[in-house]
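Letters A, B, C, D, E and F mark the chains as written, and numbering starts fresh at 1 in each.
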């Protein structure tokens, strides 16, 4: 349920109706930005939002995203180290 | 102008709206018979009428038609006699 | 897989399983093509004979209504393309059939159309070897359109061409004129006319084979479809650089067709036919042609209707009227419109 | 005779002079068929070679809109049929083209379409040798439908068949997936999306010729049109009685196409292509096939996407995901509908 | 077909033609100095060409094709108004097929249909009425076109609509009457007509007396004629006989269909529904007094002019004829179609410039299609 | 694609899977005695199958697919009502594509469209609004379907329509809310769930606190999750960690999108436009108290139920589920799709019997399409 995808606001198209152009990987669509409008409307240009059925439903929090990614990256590196060690162990075993 | 064709009334289809089925050489169409309705509506069955844009505009007068034809036929026969005589004359000439 | 529902939906055109089910249940189960492949692979001994040529012709069929007295769109789609091959002197061998189907069309209607196609193809001795279906939204087509493309082989030495017609050649039709056009006009219902006229829709391959066998000098033949006999004659006269004169009294016309033409102010020379052709033969082969035509059911009504004459400054096709007067039989301008004045 | 007015009226379909004028001005003056006759007569040396077979395929084209980024209905009508011939191993030679035109269609649009067809036919080395036009009333068609039927010759000894695919064979596509489907979706405007995606519409005859020359073991090829790559693979797997496994990471996809799929909840494996094919070759010929494909413009993006495996109890086509997980790549059910959940 | 085919007998035709030739000789008419006979009605023009009668009659008899084709005399401005009404989204515009191809300033109804207007050909105003019943949410407009033959059908249809309280049916009334243009022709100082073949189906409605002025005031013979070839030939013969005898009478060749006083039901319906306009514009003939009908106020609910504020009452409506068009001269008999500089060049049935080239009743179209145009080689001899 | 592709990194996935396996072992869960984790949201179900996550996670972790697909829980009676509205001639019925194939008693919307109803798929209620602006003579109805994620879009659209005084736009409101069915599931005595993956996009609107009752009242862990595969795996890991630690908390894995208290603008719009119905019917789950929304009286001009006298308020609306359909049991986790006697036989994506087979979010369709159905042979091993 509730297909939502990240997109970037690239242009305000209708200030009165709170409409803006969002870009998703080179695909553009007009979206309503009412839910994410907290300050000056033009400040939203460049912002990343989560889009659902033509509405920008949430601003994406870059710091939170970075933190999550950092944690996942850490896990990935730890995994690599583990695997390298396992490889090394195997290699040693094989040599033995 | 004013394409009109003879057809025969074969059935009364809507007494209230004065509609009847007319037959033109095996093609049938509902027509309005108001213009030719002088007496009992069902008496029109079998009548020959002149049809224009879906209306029976005139009753065809059989006697008048017969009279015209008679005259034309007379002409035709006279013509044949004339021609036969001409042929005969020619034949005679040729023989001569 | 049985089809869900009794009407075609857009899902049946989506390229997925619903489409495949439609194709299997409605089309290929009847036509039984050699395989499910999109491409037919064909070989016939006739093709490799030295001097033989391949004939290719195509027509889209869009008749409204799709079912009418005397046939349906499937029958026309087979006969029309078989006839286009046959009048060119080819032996019809293979047909492709492409269907454009309007969303909401009843599957039962499609099945009836396909059944007719099978029957007519068998009668004509042709095989439907490949096909296609597309589904379009409501209002983007009118129930179903069928495009058939026919492939045949022209035997070595046979060369029917309108250009071959010579002054003196005799023009023959195989039967009554205008039945198809009149039947469709009545079936459409716009003019609220009812008649028993049936479309003349018929395959003429066997008739053409009989004539070709009997008349080595056969010049050309043309089926008198859209635009009627008048258009067919004008096209031939133009190609051959001759004039053509037909006799009004010789034209075979059904009483009902005359009646409909009188009512609507139409000229039967321009009414469409789907099983009527006109052919030209040298005068000395006219009797042989008539006999050959009358030897098949579709040629029972064969009659001479006129002849080719040297071309002058005047009109290409003329008709001697009842009284010996002459009128031009020109190409139709647009389509023939019913008129009241 | 110059055409009166700038739109097609019913008069242009009536079989008379208006129709002939339309056909001459718009169609035959561009296609220059050998003659005005309805039937093309064809001969090619290739046909008479012992063992050669005739290939016949047909498709109706109904794309909405008829002009879209990267092409128009005329381009698809040529490329689609050329491709159907080519993927079957045939050398495309001749095409017929039948047009169903909606009343009110701009004649200028028809001329643009016909011009594209001429260009594409020349590129593909095929001749448009016969045709047909029909005009239907407003709302009985959507501007114009084109049905092309292609005739080609399969050289002696060539026998591309899905059934020939063996476990171990390699599946190769010639370029990115889903561009056509995505471009049409955007062009249609219903979803109010704008992108620079262009249809991949292209003729693949030269590519197929190159591969066939380079890979004597070439098993089969299929253009991934309606139903996309997923449908093409399922059909091949079913015919060949093998399983097929593709690699998610190997699939060539344009960023914008991915974006559109994310927005609309679509799967690019089911998006239509008009210039993308998948072919199977024995593993030892994979490099030769890739090199041959990359030698023509339409094959620049050629990559291996998977391989055939012995068939088991399970699904016919599977995809190894990014993570090494597996998912079934089934036939599409109906058409792919944009979804929000 | 009864009452039709009997009147196509070639033998009788031959006899009639012989008689006609005889009298033509008798009165000294020659190809150089012919008797000019106008067939008023387009239906007669059609029949003359259809059966090649012009070629069969002697050179001393010359047919002049009259203004009796309602499509041919329809001014361009009225076609424009039809298009304007038809292009309203709520309207289903219904018309006889005849009017579909007549050029307006910008487009014909056929072209308007191609552009998206909902235009339907019908055989009868009754069919338009039925469309109105079946489409209560649409406005069905019928294009009322034609002479007295056709006028009763729309009058009766309007009466029927009133009885049924149909609120979505109206008629765009362009009905015209035959006698006024004939009077206008007779008043023309260049007029050189010797006699008339009268429109039989018009007389079926109005009888023969409306033509009395032709004989009485202008001293010209007129014979009301049927539409089969023998009807026409017999009528021509009757006109020639009057000329020979120095008579000028209204005779009725078509007595099987035409009653002396016309059809009372039809006349009453016309009287009830319509009234005469002060004047009306004819293509090629200009404004003619009391020559066109409008719907009476009591039926204004069924009057498309009122409903859509369009038409004759709505001001500026005259449009200049296309340049180079000689329709007016042809229609008044001053020029043969082949004499028009546009004939067969700028004006053909495919691309008609003038209305006479549109309808198959139009003199120019008839010449082009059936004979005149490229007919120098059409041999014509009486049949054996 | 930023904020999406980073969360699909196979290396990190491998690490997460290793951790998951480790903890699964640690808590002694096995294929025979697994930990049952319900992903509430259909979007999560979709992602699990799309990436094959169910095959990659250890046997000791068993996903139970929750009722979070709005199409799947849509009762047949409501589809019938959609068809009834859509078949009115004045109506343009607009809907997300998802709802097109859901079977009603007699037909789906796709079939109704084939039968002639004017039904259009849109991407957004904004597109329906635009259709209403462009078709002032038609009634444009939008089928408002979905959970809290989608509810604000229709609320904001109705507010916009009110601002513009659009009189031809209305919403057929079938919006439902996530927490009540979860509570219903937790109250079920047969319930055997050990933890939840929470619907991230619902929480983007309503925040995380509406799930507090799951942890506080029922002692079950819940992690609000994003929709990329790493999001899902990390969330599963977090649930397992809570289980291992004996914690029951509401955690937020999807903090980049989900604010603790949701989106105030959206919440205000929902509050302004909608009110809770006393109860609402869910397919397979029956009536659930306070689980569906209706349009407030002040916006009744935009309420299709009011406009067409149709829908929940209009009386009889419950329709029996088709015979043999086990959707209810599947949706409550009591049965695997493959355990339904109809699965793959009487019920396939081509001819769905139950709603779970329709939407690609439905558990049965996902099993059929992506794995469960004929997947005995689909080998799955972690990627190198």
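Methods note: a contact is a pair of C-beta atoms (placed from the backbone, for glycine too) under 8 Å apart; a residue touches a chain by one contact, two chains touch by 3 or more.
Going by UniProt, the chains are A, B = Hydrogenase maturation factor HypC; C, D = Hydrogenase maturation protein, carbamoyl dehydratase HypE; E, F = Hydrogenase maturation factor.
Just so you know, these numbers come straight off a predicted model, no measurement behind them.
Chemist: Hop distance check: subunit B to subunit E (Hydrogenase maturation factor), minimum number of steps through touching chains?
Modeler: The fewest steps needed to get from subunit B to subunit E (Hydrogenase maturation factor) is 1.
Chemist: Using the contact definition stated above, find the chains touching both subunit B and subunit D.
Modeler: C, E
Chemist: Quick one: which chains contact subunit A and subunit D both?
Modeler: F
Chemist: Using C-alpha centres only, name the chain that sits farthest from subunit A.
Modeler: B
Chemist: With respect to inter-chain C-beta contacts, which pair, D-E or B-C, contains the greater number?
Modeler: Ranking D-E and B-C by C-beta contacts puts B-C first.
Chemist: Give a one-word verdict, same or different, on whether subunit C and subunit D use largely identical residue numbers at their interface, taking over half shared as same.
Modeler: Since more than half of the residue numbers are used by both chains, the interface counts as same.
Chemist: Whole-Å distance, subunit A centre to subunit E (Hydrogenase maturation factor) centre, using C-alpha means?
Modeler: Between these chains, centre-to-centre, one finds 78 Å.
Chemist: Round to the nearest whole Å and give the separation of the Cα centres of subunit C and subunit F (Hydrogenase maturation factor).
Modeler: A distance of 56 Å separates the two centres.
Chemist: Per the centroid of Cα atoms for each chain, what is the distance between subunit C and subunit D, given in Å?
Modeler: 30
Chemist: Residues touching two or more other chains, restricted to subunit E (Hydrogenase maturation factor): which are they?
Modeler: Answer for subunit E (Hydrogenase maturation factor), listing residues that touch two or more other chains: 1, 4, 14, 42-43, 69-70, 96, 101, 110, 123-124, 127, 146, 150, 349-350, 361.
Chemist: Find every residue in subunit B that makes contact with two or more other chains and list them.
Modeler: In subunit B, the residues touching two or more other chains are 1-3, 5, 24-25, 29-30, 52-53.
Chemist: List, in ascending order, every residue of subunit D touching at least 2 other chains.
Modeler: Within subunit D, residues 9-11, 17-18, 191-193, 255, 258-259, 262-263, 265, 333-334, 339-341 contact more than one other chain.
Chemist: For this structure, enumerate the chain pairs that meet the touch criterion.
Modeler: Listed in label order, the chain pairs in contact are A-D, A-F, B-C, B-E, C-D, C-E, C-F, D-E, D-F.
Chemist: Can you name the residues of subunit D that touch subunit A in the complex?
Modeler: 186, 191-197, 255-256, 258-260, 262-263, 265, 339-341
Chemist: Residue numbers of subunit A touching subunit F (Hydrogenase maturation factor) in their complex, please.
Modeler: For subunit A paired with subunit F (Hydrogenase maturation factor), touching residues are 1-6, 8, 17, 24-25, 29-30, 32, 34-37, 48, 50, 52-55, 57-58, 60-62, 64-65, 67-69, 71-73, 75-76, 78-80, 82.
Chemist: Would you mind writing out the residues of subunit C in touch with subunit D in their complex?
Modeler: Against subunit D, the touching part of subunit C is residues 9-20, 36-43, 47-48, 50, 53-62, 64, 84-85, 87-88, 90, 94, 96-100, 129-134, 136-137, 139-142, 145, 147, 149, 151, 154, 161-162, 225-228, 231, 235, 239, 270, 272, 331-336.
Chemist: For the complex, give me every residue of subunit F (Hydrogenase maturation factor) touching subunit C.
Modeler: Listed in rising order, the residues are 101, 107, 110-111, 113-116, 349-351.
Chemist: Which bits of subunit D are touching subunit F (Hydrogenase maturation factor) when the two form their complex?
Modeler: 190-193, 243, 255, 258-259, 262-265, 312-315, 318, 320-328, 330, 333-334, 337-341
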